[in-house]
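Report on one structure; see the data block that follows.
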Amino acid sequence: MPLTDLSLAELAGYRPVRREPADFDGFWADTLAAAARHELDATFEPVDSPLRVITVHDVTFSGFGGDRVKAWLAVPAGAEEPLPCVVEFPGYGGGRGLPHENLLYAASGYAHLFMDVRGQGSGWSAGATPDREPDGGNPQHPGFVTRGVLDPRTLYYRRVVTDAVRAVQAARAHPLVDPDQVVATGISQGGGLSLAVAALDPRLRAVAPDVPFLCDFRRGAELATAGPYQEIVNYLKVHRGNVERVFDTLSYVDGVNFATRGRCPALFSVALMDASCPASTVFGAYHHYAGPSRIEVYPFNGHEGGESVQDEVRLRFFAEVLATGGDL
Amino acid sequence: MPLTDLSLAELAGYRPVRREPADFDGFWADTLAAAARHELDATFEPVDSPLRVITVHDVTFSGFGGDRVKAWLAVPAGAEEPLPCVVEFPGYGGGRGLPHENLLYAASGYAHLFMDVRGQGSGWSAGATPDREPDGGNPQHPGFVTRGVLDPRTLYYRRVVTDAVRAVQAARAHPLVDPDQVVATGISQGGGLSLAVAALDPRLRAVAPDVPFLCDFRRGAELATAGPYQEIVNYLKVHRGNVERVFDTLSYVDGVNFATRGRCPALFSVALMDASCPASTVFGAYHHYAGPSRIEVYPFNGHEGGESVQDEVRLRFFAEVLATGGDL
Amino acid sequence: MPLTDLSLAELAGYRPVRREPADFDGFWADTLAAAARHELDATFEPVDSPLRVITVHDVTFSGFGGDRVKAWLAVPAGAEEPLPCVVEFPGYGGGRGLPHENLLYAASGYAHLFMDVRGQGSGWSAGATPDREPDGGNPQHPGFVTRGVLDPRTLYYRRVVTDAVRAVQAARAHPLVDPDQVVATGISQGGGLSLAVAALDPRLRAVAPDVPFLCDFRRGAELATAGPYQEIVNYLKVHRGNVERVFDTLSYVDGVNFATRGRCPALFSVALMDASCPASTVFGAYHHYAGPSRIEVYPFNGHEGGESVQDEVRLRFFAEVLATGGDL
Amino acid sequence: MPLTDLSLAELAGYRPVRREPADFDGFWADTLAAAARHELDATFEPVDSPLRVITVHDVTFSGFGGDRVKAWLAVPAGAEEPLPCVVEFPGYGGGRGLPHENLLYAASGYAHLFMDVRGQGSGWSAGATPDREPDGGNPQHPGFVTRGVLDPRTLYYRRVVTDAVRAVQAARAHPLVDPDQVVATGISQGGGLSLAVAALDPRLRAVAPDVPFLCDFRRGAELATAGPYQEIVNYLKVHRGNVERVFDTLSYVDGVNFATRGRCPALFSVALMDASCPASTVFGAYHHYAGPSRIEVYPFNGHEGGESVQDEVRLRFFAEVLATGGDL
Amino acid sequence: MPLTDLSLAELAGYRPVRREPADFDGFWADTLAAAARHELDATFEPVDSPLRVITVHDVTFSGFGGDRVKAWLAVPAGAEEPLPCVVEFPGYGGGRGLPHENLLYAASGYAHLFMDVRGQGSGWSAGATPDREPDGGNPQHPGFVTRGVLDPRTLYYRRVVTDAVRAVQAARAHPLVDPDQVVATGISQGGGLSLAVAALDPRLRAVAPDVPFLCDFRRGAELATAGPYQEIVNYLKVHRGNVERVFDTLSYVDGVNFATRGRCPALFSVALMDASCPASTVFGAYHHYAGPSRIEVYPFNGHEGGESVQDEVRLRFFAEVLATGGDL
Amino acid sequence: MPLTDLSLAELAGYRPVRREPADFDGFWADTLAAAARHELDATFEPVDSPLRVITVHDVTFSGFGGDRVKAWLAVPAGAEEPLPCVVEFPGYGGGRGLPHENLLYAASGYAHLFMDVRGQGSGWSAGATPDREPDGGNPQHPGFVTRGVLDPRTLYYRRVVTDAVRAVQAARAHPLVDPDQVVATGISQGGGLSLAVAALDPRLRAVAPDVPFLCDFRRGAELATAGPYQEIVNYLKVHRGNVERVFDTLSYVDGVNFATRGRCPALFSVALMDASCPASTVFGAYHHYAGPSRIEVYPFNGHEGGESVQDEVRLRFFAEVLATGGDL
C-alpha cells in the first residue's frame, strides 16, 4: 500500500471549506432535547466473567428515541472511590463484544464504558443493541452509512450520535465514575463519534479520535478505496439524483463540523497509507478543531493506525490532561 | 470460473434431506391471515414515461404489516381486455427501477407486475419501498439476509414473502389482468420468491424460478464463494452460538420447503458455474417440487444463467401452460 | 472505486491537443467511396419472436469490403407511417443479441436499428457477423483494438466505422424509417462509433455518445485500469518499437478527431469514477465537438454511467431535437 | 496455490473416455494433403544478431493455405555436418520472439527450429506471422481458442497444427539438419502442438510435451481457473446453444486423440498445482499415448512446471533416444 | 469463504498416517540436553507501563544455543502468593508486542508468560528477539518456515520449539509462579508450539492449541490457500528436487507427531472455513493426541477461529483442569 | 496497468534531494578493507552440463566476512584468449539457477560471471549461497530488505554489495577474463547492485542497470504497489518508531548515492508502468549519475522493462564502450 492521499507537507496546510447547514446547532439542540425527554434509566448489572482483577457491569440506558442501548462498564476490582472514566465507541461494524475483550482502560486504573453501536456488531465483534426503524427510513445500501440518508431526521448516525452523548451521561450516573473526569475516544467510527461528543458535551475533559471516520463525507467518498465511505458511492451509483441531498444530510453528522465546536483538549491520530479514512479527511477535522489539539502521524500505516503504540500515547495524554487541566 | 458444485450426473440424483419446522404451514397460514387483516388497497397511477407502445402504472399496495409496497404494472398500450399477467420479483439488491427498464413481458403481450423489494434497491437498480423495523430485529450483518434472523417472526424474508403473495393479489385487482391467468417468475432472489408464491397461492397458474436464491441456506452458506449466502457466514462468524437458531429461522423461508407445496407447472433454470447459488441448492428445490416441472441447465454459465435465451424459453413455457392448462 | 481522473473543475477546462493525421479527411473519403462501390443491398426479414407489440426484422447489409453485416430493426407493431429512427451500436465485446433484448427505442415509438459489430459478440451478448481478415492484419493482442493496428488501411476499427456509416444508410432504406429523422447513439464503444457517424454522415440529426470509448487512445492507454484501452498497453508491452506507429494508426478512428467534424446536436454523458473510459478522454471529445452540445455528468458512477436514468435524458434529447430542429 | 485436480494416486489410474469424431484420420489426411499442394518453399536468411557462438536464420515456409509462416533456425556457429534438430512450438500468446531469446538447444549442440504461431505473439514474446481469415470464421471470444470454432474446417488450431507439421518439414529442408534426427517439444500450447506432430509425422524421433494444453478440452474448460481453456467457457457463456458443437469441433485437435496415434518415444511433464492445464488433462493424454512414454511429475508447481530442471531432463531424454533408437 | 476441507462428518473419522522419523525422540532428547547446557538465567525486570492493576516484567532467558529470548510476564498487581501460570506463544509473524497488549490471563488471575518468537515480530506485533544463523542454514523462501529446512539440525523451528520448552522453565523460575500449575496455549503457530511443549515437558498441566499450525505439513502445503504452509509450496516450486527431504526435516517438528506424546488434558479448537490451517490438519493432531482431549468446532469461521468466545472456553478449561486434576 | 509515477516530461526534470550519511565513503572503505582481509580464493570447477558450445564453471569465492559465495562463469567453448567479461547480478528473490539458464552473454562471445545472492534463490530461480547472521540482526519482515536494518553494519545489503564487488574481482581472477574489460549489469536488484559496483570499483568499464531497485528507498516505499520496497512499509507498519533510523541505514546502500560516485559509461533503462520500481526512483539515480550516461525509456512496460529488446541495446552498448573507450 502506497501513500493514499496528499503528502505530509501538503496535509500540514490542508484546511477544507466546510459544508455546514444553517440549522446545525438547532438540529442538535432539538435532537438532544428530544432524547432528554426519555429518562436515562442507566442500569448496571454485574457480569459473571472469567476476569478477577477487573469487574465488568452490563450497562443499559435509554438512547435516541428512548431505545435501550447496551454497554459494558469495567472497573478495577475492589475500586471504592470515584475514578476518571474513558468512554469509548467501537469502530464500524463492531459491537461491545464480550466483557473480557477490552481490558486496557480498566487495567490502567480507569472506569471504562464501552458503548454498543445500535444495529452493528455483526462484522467483527458482537453487538447486542438493535436499531429500530419504525418509519422505515429509505431503501439503503447494505451497511449503516446510508440508512435513512435522505433526511437528517431519519439519518442513522443522528441516532448513534445521540446514543453516544447519552452514553457519557450513563457513565456519569455510576457511583464509581467521577463525573468531572470523563474523556472520550474511539478508533475510526469510534473516533468520529468521540468528536461529536466533544462538541455536544461541554463537560467532557478530553477527546482522542484515532483515524476518525465520519469526517468530510464527500472527500471520503471520492478518495477512499476501502471501508464505509464506499457505501455512499454505492448508494449514489444507483440513486443518481440524490447527490446533493445525501451530502447535505450527512453534513449534520460531519466531524469537520463537530470539530469547530470542540473545546476540550484533543489528541488526533492519522495514518498516511489509510485507504478507508484518507489522511486529508482527518486533517480536515484536526485543522478545524476549536480547542487545544495535537496529532500523531503514522507515515507507513494503513487504517490500523498506531494500535498499541497509540494506546500508550493516548493513555499518557489522558493522564496529563486530567492531571493538569488540559493545556497541551 | 470452473464448475462450482457437483457434476451434472451427481446433481441428477441429488435430493437433500430437508430441514422443516413442524409449524411451517401454521406459520404461513398465520402470517398471511395477519396480512389479510390489512386491506390490500391496491392503487394504480398512470406514469408519464417516454414509452409509447407500453403503458406503465405506479402501483402501491399493502403488504406485510400493512406497509405500503411499490410496484410497476406495465401493459400493452391500448389494451382493453383482461390479459394474462406475469408477476416478477427482483434479484437481490435491486428494486423496481424506472418504468422503462423492464419491457419484455408487456412487449410480449402480458400484463407485467414488477414488485419492489422492501429496503433493497440500492445495489444495482433503484427501489422505492422502505422496510420498517419497529422492533429493531437484531444486530445484523450489512445486507438483508440476517435482518431479524433470530426469530421467524422478525425475519426480514417473512415480510418479503408476504409482500410477494400480496403482489399477486394486487395484480389480480387490476381490471386489465385476468385473475385466473397469473404466473410468477424471477431471477435469483426473485426466483426464490416465486417459489414461495407457488406454494402459498394455489390459484397461481405457473412458476419459473431462474437460478433461485433462498434454497437450502446451510448448503448455500457452506458452498457459495460469492453472493448473499455469504452474509449468513459473515453473521455466524461473529455470532458463533447462533448457528442452529439461524438455520431454524431461515428454514421458514427455504425454497426447498416451499417446493414441496407447489402444485402448478414449474420451469426451473440452473447454471453449473454459479458461485452465488450453487447448482445443488437449485436441484434440491427442483427435485422436491411437488408439481409438474422441468429444468434448463446452463453448463458454462455463472449466476447470470440463461439471460435472454432463458427469457425466450420461459415465455414459451408460460404460453404453453396458459394455452393447455399446464401438463408439461 | 474513487475518482479515476481529474476533478470536475479541472475537466471543465480540459481540452487536449489532438493528434490528427494530415490525410484524415481523405482517408475517410476514400474509405467510404470504396465501400460505396459495394451495393448496400439491405434486406429485412421479419423475425418470429415472442414479442407482440414490437415487430423485429433481421437486417443484413453490405458494410466494409462488401461484407454482409447483421442488425435488428425493431418497430412498433402495426406501424404504417415512416418513423424517426435510432441507430445504435453495441458496447465492446457485445453483439446484436436476440431480437427481444433491446426494446427501449421501439417501445418509445422509434424505429430502432441495432447493428452487430463484426467479430465481436462473444463477450456478453451474442453476435452474428464475422470479421474477415483476408490479409491477416498482424499478430495482435487478444481482442479487437490492436487488430490490424500497424496500418490504418488494415485497422479493425476502419472496418467497423465504415459498417456504422452504412448501418445508417441501411436504416434509411426501410420504408418505415423517415430518412431525415435518423439519430445515432451507443454506450462506450457504441458511443465512439456514434461520434464517428456524426462526423461522416452530415444528414444525421442528433448524436448521443454515452461514456464513449475510442477517444484519445494514448491518454486512455496511460490512465485506464480496466477495459479495452488496456489492450493497447498489452500490445505495446510486447511490440515496444511500435508506440508511435500504433497511436498514429489509431488516430484515424479517434473520437476526438471525429468530434471536430460533428455538426448535429450532441448529448454526451460521462462518469467520474469510470476506470475503463477515464473522464478526461470523454471531455476531450466533448470539448472539441463542433456542433451544439451538452454533457451529463455522473459523479459517483463507474463505466456503467447513467444507465436507465440516462436513457430517459437521451430520449427527451432526441424528442426535443427532432421536434425543434436541434438548437439545444 | 493448493492442488488443483485429483491426487497423484487418483491420477495414476485416470484414463478418460475420449471424444473422437469418426472422420478424425480422414480429416487430417485431407488437411495435410491440401497443405501439401502448396510448395513448402522454406527459406533461410542469416540474421544479424549479437550472438557469436550461435548462428540464427530467419525462416519462412508455407503452412496452412500456403500462408507464409515465420520461424528461427539456430545452429552452433561453424557447424558443417547435419545435426539432430529440435523443433519447438511456443506457449499460448507468445511468438518466436527475437533471435537471441531461446538459446538452449543450439547451445546444446542441436539445430533448433522455433516456429512462430500465426496471429499470436502479442502476449509475452513478439510474433511475426499473421493469421488470415478470408472466410471470417465466426464471432469469437478474444483470444484464439474459439476462432472459427463452429466448424473443424475453419478452426484456428487446424491451421496451427498444419503449420506445425510443415515446420518439421521445413527443418528437414535445411542442409544442417539431419532429417532422420528430428524431435519435437514445447510447453503448454507448444506441448499440445508437439503431440499433434507426433501423431501426424511418423518420421519424428521423439516428442516431449511439457504441461500440454489442447488436451481434453471439456475437462479443461470445467476445471481450469486460469489460462486459455477459460476462453471456451467465456464463449459458451454467451453462445449457450453451441456446447456440443464446440466440443465436437475441438475434438479434431484434441491431444488426447492425437496421443493414441503417437508412436515415437514420449516424455511428458505435469504439475499438480497447475491452474491452467489441470493435471488430469495431461494424464489423460499421457495414459492414451500409444508409444513408449514416461512422465515427470512436479508436485508443488503450477503451470510453470519444471522449467530449467525439466530442460535438463528433456535434453537427456532426447540424447538417449537419439543415441539408442528410443526404447525408454 | 466456503468450507475449505472435508465435511465435519468426514473429519470426525479422519486419522492420517503419520510421517515420523525413527530418531524423533532421540533428536529431541539431544536437542533439549544441548540447550540445558546453557544456564537458563531467567531475568525479570519490572516494566514502566500505563497499567495499574497488572504488573508486567520484561523477561529474558537463554533458549536454543544459549541465545537470549525475550518475553513478558504479567501478574495481577500486588500478588504475593504463587499463581497458576499460562505460558503463551504468538501466532506466525507476531512478537510479544508491548507490555499492555495482552491482558486477558493476568486480568483473569493468572501469571502470564508471553514468549517472543525469535526473528519474527515484524508482521503484526513487534518482536524483540533476533534469530541467529551462524551456519547460514540455506537459501530460504522469505519467511521462517523454510529457514534451514534441509536438515533438522539447522531447522528454524527446532530453535523455536526449544525456546518454547525453555520458556516454561523460565516461568517456573519466577517466585509468583506455582511450578506445578503451568499450562500452555497459543493460536495458530502458538498452538503448534504449545503441542510441542505438551510432548516435551511432562510436568505441564494442560494444553490448549487453537487452530494450530505446524501439523501435517504436507497436507497443509497441498490444501492451504493462505498462510505460512504456502511458504513450503513456494520453496519447493523452486527447489524441486528437495520434496522428500523437506518433509522429512519438517516431520521433526510436526504437531501430529508431538500429539502422540502429549499426556496432559488438551483442548483443541478448529475452524471449518480456515484457509490457512485446514481443518483436517488440526483433526489429524487431535485424533492422535495421547492424553484426554476435546475439540471446539467453529463451523463458519476462518483462521480467526473462536476468538473471544474460545478465550472464555479456554479459561474455563484451565480452571477446571487445575481444580480437578484434569480428567475431562 | 496505467502510468505509475510522474509523466515523462516531469521525470525529465526530476532530480531528488539525496539522503547521504556523512561517513558514506568511509563506511564503504572500511567495509571493503575488512572484506579484503579474507583471501578471495576464487575457485572454478568445470560443470557437467548439457551445453556443447558454452562451457560453464562452478565458481566459489570469499565475499563479505569471508563467507563462500557461489557463481557461474560461462565462456564460449574452446575459448583460449582472455575475453571481455559481463558480471551480472540476479533480480530480487532469484539465485544463480542452473548452469544452462542464462546463456546470452557467453553466446555473444563474452565471459559471463553470474553471481548468486546470499540467502535468496527460493523465489523464482534456485540459489546456493547461505546468508550467515551470527549476530542475529534483528526481527525482520519476511524477505531480505529489512534484515539487519537497524544498523548499517548489520544491514543485509552491506553484505551483498560487498559480495558484488568481490564477484568482479573473482571474474578478473580467471585466466579467460581480460581484467580491464569487465562490465556490470543486472535487472532490478541486479541493477541496483551494478550501480554500487560502478561506484566502488573504479576499474569497471561500463555499467548497465535495468529498472534498478535499491534507489531512493523512501520514495520507493511511499509509491510502490508491488515488489520489495513494500517490505520496508510492512516493517515500519509494526516498528513505527524506527522510520528515520531505517531510512538512515538504507541510505548506505542507496543507488542514488552510489550514482554520484560512478564514473564509467552507464546505460540505464526504466519503465513508466513499473509498479515495483517507480520510474522516479530510477530517474533519481540516473540524473545523479556522475559519468557519461543515457537511458532507455519503455513507456508501456511494467517492471519487466525492455527484456530481450533491452538485451540487444545493452549488448550494443557494451560492444561500443569496449571498442571506443566509452564516450557515449
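Here the chain labels run A, B, C, D, E and F in written order, and each chain numbers its own residues starting at 1.
Note that a residue touches a chain if its C-beta (ideal position, glycine included) is under 8 Å from a C-beta of that chain, and two chains touch if they have at least 3 such contacts.
Everything numeric in this text was worked out from a predicted model, so none of it was measured.
S.K.: Give the fewest steps needed to get from subunit A to subunit E, where each step moves from one chain to a chain it touches.
M.R.: The distance in steps between these two chains is 1.
S.K.: Spell out the chains that contact subunit B while also contacting subunit D.
M.R.: Correct list: C, E.
S.K.: Compute the centre of every chain as the mean of its C-alpha atoms, then state which one is farthest from the centre of subunit E.
M.R.: Chain centre farthest from subunit E's centre: C.
S.K.: Which rotation angle, from 0 to 180°, best lines up the CA atoms of subunit A with subunit F, given as a multiple of 5?
M.R.: Rounded to 5 degrees, the superposing rotation is 120 degrees.
S.K.: Going by residue numbers, if over half of the contact pairs line up, that's a repeat, so tell me which of D-F, B-E or B-D repeats A-E.
M.R.: The chain pair with the recurring interface is D-F.
S.K.: So what's the Cα centroid distance for subunit B and subunit C, whole Å?
M.R.: 37
S.K.: Would you mind pulling out the distance in Å between where the CA atoms of subunit A average out and where those of subunit D do?
M.R.: The computed centroid separation for subunit A versus subunit D comes out at 63 Å.
S.K.: If I count partner chains per residue in subunit B, which residues reach a count of at least 2?
M.R.: Touching at least two other chains: 125, 309.
S.K.: Determine the shape of the graph in which chains are vertices and touching pairs are edges (line, ring, star, complete, other).
M.R.: Here the contact pattern is something else, fitting no line, ring, star or complete shape.
S.K.: Touching pairs of chains, all of them, please.
M.R.: Per the contact definition above, the touching pairs are A-B, A-C, A-E, A-F, B-C, B-D, B-E, C-D, C-F, D-E, D-F, E-F.
S.K.: Name, in rising order, each residue of subunit D that touches subunit B in their complex.
M.R.: 221-225, 230, 232-233, 236-237, 240-241, 243
S.K.: Can you name the residues of subunit A that touch subunit E in the complex?
M.R.: Against subunit E, subunit A makes touches at 49-54, 76-77, 97-98, 100-101, 103-104, 106-109, 125, 308-309, 311-312, 315-316, 319.
S.K.: Hey, which residues of subunit A end up touching subunit F in the complex?
M.R.: 1-3, 273, 298-302, 304, 306, 309
S.K.: Looking at the complex, which residues from subunit F come into contact with subunit E?
M.R.: That would be residues 67, 93, 95, 118-144, 146, 234-235, 238-239 of subunit F.
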